[in-house]
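Letters are used for the chains, namely A, B, C and D, taken in the order the chains are written, and counting of residues starts over at 1 for each.
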Amino acid sequence: MAIVLGPNRYGKAETRLVRVHRDGDTHGLVDFNVSVALSGDLTATHLTGDNSGVLPTDTMKNTVYAFAKEHPVGEPEAFALLLGRHFVTTQGQVSSAKVTIESVAWERLGPHSFQRRGDFTRTTVVTVTADGAQVVSGVSGLVLLNTTASEFHGFVKDRYTTLPEATDRILATAVDAKWRHLGDDADWGASFEGALDGLKSAFAGTYSYSLQQTLLAMGTRVLTTRPEIAEVRLALPNKHHYLVDLSAFDLTNENEVFIAGDRPYGLIEGTVTRDDVPAASAEWYL
Amino acid sequence: MAIVLGPNRYGKAETRLVRVHRDGDTHGLVDFNVSVALSGDLTATHLTGDNSGVLPTDTMKNTVYAFAKEHPVGEPEAFALLLGRHFVTTQGQVSSAKVTIESVAWERLGPHSFQRRGDFTRTTVVTVTADGAQVVSGVSGLVLLNTTASEFHGFVKDRYTTLPEATDRILATAVDAKWRHLGDDADWGASFEGALDGLKSAFAGTYSYSLQQTLLAMGTRVLTTRPEIAEVRLALPNKHHYLVDLSAFDLTNENEVFIAGDRPYGLIEGTVTRDDVPAASAEWYL
Amino acid sequence: MAIVLGPNRYGKAETRLVRVHRDGDTHGLVDFNVSVALSGDLTATHLTGDNSGVLPTDTMKNTVYAFAKEHPVGEPEAFALLLGRHFVTTQGQVSSAKVTIESVAWERLGPHSFQRRGDFTRTTVVTVTADGAQVVSGVSGLVLLNTTASEFHGFVKDRYTTLPEATDRILATAVDAKWRHLGDDADWGASFEGALDGLKSAFAGTYSYSLQQTLLAMGTRVLTTRPEIAEVRLALPNKHHYLVDLSAFDLTNENEVFIAGDRPYGLIEGTVTRDDVPAASAEWYL
Amino acid sequence: MAIVLGPNRYGKAETRLVRVHRDGDTHGLVDFNVSVALSGDLTATHLTGDNSGVLPTDTMKNTVYAFAKEHPVGEPEAFALLLGRHFVTTQGQVSSAKVTIESVAWERLGPHSFQRRGDFTRTTVVTVTADGAQVVSGVSGLVLLNTTASEFHGFVKDRYTTLPEATDRILATAVDAKWRHLGDDADWGASFEGALDGLKSAFAGTYSYSLQQTLLAMGTRVLTTRPEIAEVRLALPNKHHYLVDLSAFDLTNENEVFIAGDRPYGLIEGTVTRDDVPAASAEWYL
C-alpha cells in the first residue's frame, strides 16, 4: 500500500475586477469576480515544493487585470474563454483551466453614474482543455414567489408525517441555475437574457403540484427556447412560508399572513437535459 | 456606592412577516422584518425575576401577525405607528415603544408572481411615547458609483501620508441613510420615493472634491425637496476602487481597470438638518 | 430656515493588522481590526470640497501599520489610546478621535504555529479628546447556554398572548457586552479576563426567572469584582430553543429535544452602573 | 431529440437540532445541523406533480427530531447512518439517502452550563444505498497560521509575473477537509480527533516551500496515522498576509507587520489517497 496524490488543482479565487469603458462622455461599467483554477502536472510542488511548474496565483490575478486592458471586457463567458485559453496554451504543464466569473449588473443613473442591482448574480464557469472548451452559464440568488397556484398533497405518509395537505400555498425559491452550452461560441448576452426569461416565465406560469414539477418546467422552458443550451441544472430551495394560526385571536387567515422561515428549508435539485447531446467534458457542479 | 440598573429595554427582534393582499386575481405582496423594543418600569424583572410587568416578546410577535390581519399593511411607517401606539396605550408600564421595520421590495412578474429586488432595504424606526411619535425613514444597502467627476486633493500631509492626489477617480458608496420626519402623518410612500430620488440624483449630479461634499449635497437635496423631513443622517462608506498599475506589462491604465477593495474602507458620517426644527425626541441612530 | 451641517466624523474602518513578535524562536501573534473616526472642524470639506483640514483616511491606515512597528502592540486598549492621542495631538483641527479595535485570539500550536479561536471577539472603543480619554472594553459573539435552571412565568397576558408558562427551559444568548473604565490606565489584559470570567460565571450560576434577571446579575458581577469598571452595557439576544412536540409520534419530550431557532429572537438590553461615577464623556453605544 | 429529466434529489436542509442529555445533574449537549437528500424513482412528481412517491421534506425534519428521542445522539456519523438507513429501508422508491451533519462543539462551564466553541465545524456526509454506506467525515473553518518556516520561490515567470520570491513568509489557511472512511463502523470520536490532530500537527510541523507541499503532508499524516481512512480531500485557501512597505516612514519591516487580505486568495485543492482502496461509491465533494 502506498499513499499517493490524487486529483488536484490550484488557482486564484475572487479577483475583483471593475472595468470602466470610457467612450466619450457616456461610460460603461463591468463588475466581475474572477476565479481561476489550473490543473495538470503539479506533482513536484506537492512532493518537494519544487515550484518550477507553478505559475503563481498572483500572476493569475495580474493576468485578469492586464487582459481587462488588452481585450474587450463584455460578456463574462467571452472573457472567461480568453483567460482559460491563455493559461492552457501558454503553460505546457497545464492541461485544464477552469475560469469562474460572478457578474453583478449596474443600472444606469446618468452618463457616468450607476446603481448596483442586487436581484441576482450572473455566473459562468468555463473549462478549457486541449480538446476544447465547455461553457456553463447560470444565475444565483434570483428569488421568485407565487402567492397562489401551488398545491402539495397526495404525498407519502409514514409514522413521522404530520404535514397537512395543501391546496393553496405560497411557493417561493431562490433560483440557483446553471446551464451547459453545446458550443463555445454564442451570443452570450442574448442567451443569458433568454434563459433568464425562460426560468422566470416558467416559474410564474406553472400551476404547481410540487416544486419538482416547477423545476422540470423551468429547465424544459430553457431548453425549448434556447437551442444553444444542452442541459440545465437547478437547485431550488423551498423557501417555506408558514401560514400563521390566528385562531387564538378569533381571526381567520385566508392565506394572507405568513411567516417567512429561515431554516430548515426544502432543497430540490435536478437536471434537465436533451437526450441527444454529448456528455459534459468537465464536472460542472462545483 | 451602589450598583444600580440603568437604561434598559427589551423586545422581539426580526419577526418576518409576509402579507399577501388578495384583491381578486391580482395579488399584492408586503415583506417586512419587524423588531419591537419596549421600555418603561421594568425594574422588578431585573431585580427578582418578577415578570408581572413583562409582556412576553412572544406576544409582540403574535401582535405583529394579528395586526397584519386586523389592519391594512401598506407603508412600513404606518404599520410601525400602529404597533407602537398599541403597546404604549395598552401596557401601562410601557413608557416608550420603538418599532423598526426593514422592508424589501418585490417586482411584479404576473398577477400572483413576484421577483425580489435586492437593490436596497427600506427602513423605518418609529418611537412612540405618551408625548407623541417620532418617525424615521431610511434606506440601506443602496450602492452608487460614479466613474468620474470625483477628485481628491489638497489634503493634509503628515509623516504617514503617501496617498497621491487624484484628479479623476471612481467614487462609490453603499448609502446608509436615515431621515427624521417633522410629523407623524405623511404620504409615506411618496416621501420615501422622493427622498430616494434626492439621494440618487444628488450623488450622480455632484462634481465631487470629497465624499463629505457629496454627503452634504445628498442631505441638502433631500431637505430642499421634502418639506416634511427635518433632518438627514448619512453613513457613507468610501468603497475604494484602486487603479491597477499595469506599467510592468507595458500597458497604460487610463482610469479603466480597477480593483474593487473590500477592507479597509473610508467611512464618512454626517448629519444635515434644518436649523429651526425641534430636537429629536428619541435617540435615532441605533 | 436654513439647511446646516450637523454632527459629523470620518475615518478609516477595518484596517486589518497582523503583528508578529519574533522574540527568538518563539513567536507571538496579534490580530486586530482597527477603525478610526475623527471629528472636529470639518466644515470646509463638506461645503466646498476644500480638504485643507482633512487628513486622508489612507494616512490613518498607514499610521496603524507604522505604529505597529514603532510601538509595542499588545493590549488593544493601549494601542487604541496611542493612536487616538496621536491624532488629537498632531492634528489641530481634530477635537475627538475614536479608535475601535476588534481582536481575535489565537491558540498556540507550536513555537511559530497558531490556531485561530472563534469563541468570541474582544472589542475596545477608545475616545480621546483634549480633556482626556474614555476607554470602553467589551466582548461580542460569546454564546452561552444553560440547559436548565431557567423559568419564565407570571408574565402579562393580553389578547395576543399564547406563550405557555415555563418552569424549565433552555436559556441561551450571544453576549454583546461593553464596559466603560473609570480611568485610562489599567492592566487591560487582567481586566478583560476578569470581566469575561464575571460574565460567564454569573450566567452559569444564576437561577433565572427572566433573561433580564440574568443580565443584571452579569453586569453586577463585573462591577463587584472589577473596581476599575464604572458601567456595563449588555445586549443579550434570547436565542430561543423550542421544545419539539413529539406527541404525534407517541413520544414524550422531557426537555431533551429542541429546535434551535434563528428568527425571531428576544433582545434584552440593559445598563448596569455604579451610582457614584461620572457620566460618560462620549457616546459609547455605537 | 427529447428533453428528459436527469439526475435529481430532494430533501430537507438545515434542520437545527439541539439534544440535551440529562443524566442526573450533569447535562450533556449535542448541537447538529442536519440535511437530508433522497434520490430514487421521482419521475412522477417532476412530470405531473403526482406525489405518491414523495415523502415530504417536513417528514424528514420530524424524523430527525423523533430519532433524537428514540436513539442515542452522540457521534454525528452514527446518527447520520441511522437516518440514512431508515429512509432507504422504509421507502421503497428511495435508492440513495445522503445525510449531512454539521456539528458545533460546546465547552463545559458547569453541570448544565456551556460556552460555544467557534474554532471549527465538524462535518459528516453519509450516503446510504442498498449496497452499503459511505461515511465521510471532515472539518471546516479551522484557521491555521505559521509565522515562519514558509518559503515560495523558483516558480514560473511569464509576462504577467511580478511576485517577488519569498524566503520567509506567513502561511495561513482555513482548512476545509473531508476524509472518506474505509468502512461504516469505527470509533468516530477517536477517529475525528486523530484526523484533526494529524491535520494540525502536519501543518505546524512542515517546513513549507508551497502550500501544495503542506497539503500533501497534511493528507499523508492523516492516512499514516488513521488506518480506517481511505482518502483525504483538502481545500486550502491561501489566506495572504502581505508585508507592509514601511520604507516611506524610514522604518524597516522585518516580517513583523502584515496586512491580512480578504480577496483575492489562492485556493489549493487536492486529494491524498491510498492506492489500494476501492473507489468511492458516491460523489462526496458536494
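Rule of thumb we're sticking to: contacts are C-beta pairs under 8 Å (C-beta built on N, C-alpha and C of every residue); 3 or more make two chains touch, one makes a residue touch a chain.
Source: prediction; values computed, not measured.
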Those chains which touch chain C and also touch chain B: A, D
Pair of chains joined by more contacts [C-beta pairs], A-C or A-B: A-B
Chain centre separation (chain A, chain C; CA means) in Å: 38
Distance between chain centroids, defined by C-alpha means - chain A, chain B (Å): 31
Residue numbers of chain B (touch at least two other chains): 16, 62, 66, 160, 162, 248-249, 262-263
Chain D residues within the chain B interface of the complex: 159-160, 162, 248-249, 262-263
Contacting residues of chain C [partner chain D, same complex]: 16-22, 27, 29, 31, 62, 65-66, 68-70, 106-107, 109-110, 112-120, 141-149, 170, 200-201, 203-205, 241, 244, 246, 248-249, 251-262
Footprint of chain D on chain A - complex, ascending: 1-16, 35, 37, 42, 45-59, 61-63, 66, 90-91, 151-158, 160-163, 208-213, 215-216, 219-220, 223-224, 231, 237-238, 263-276, 285-286
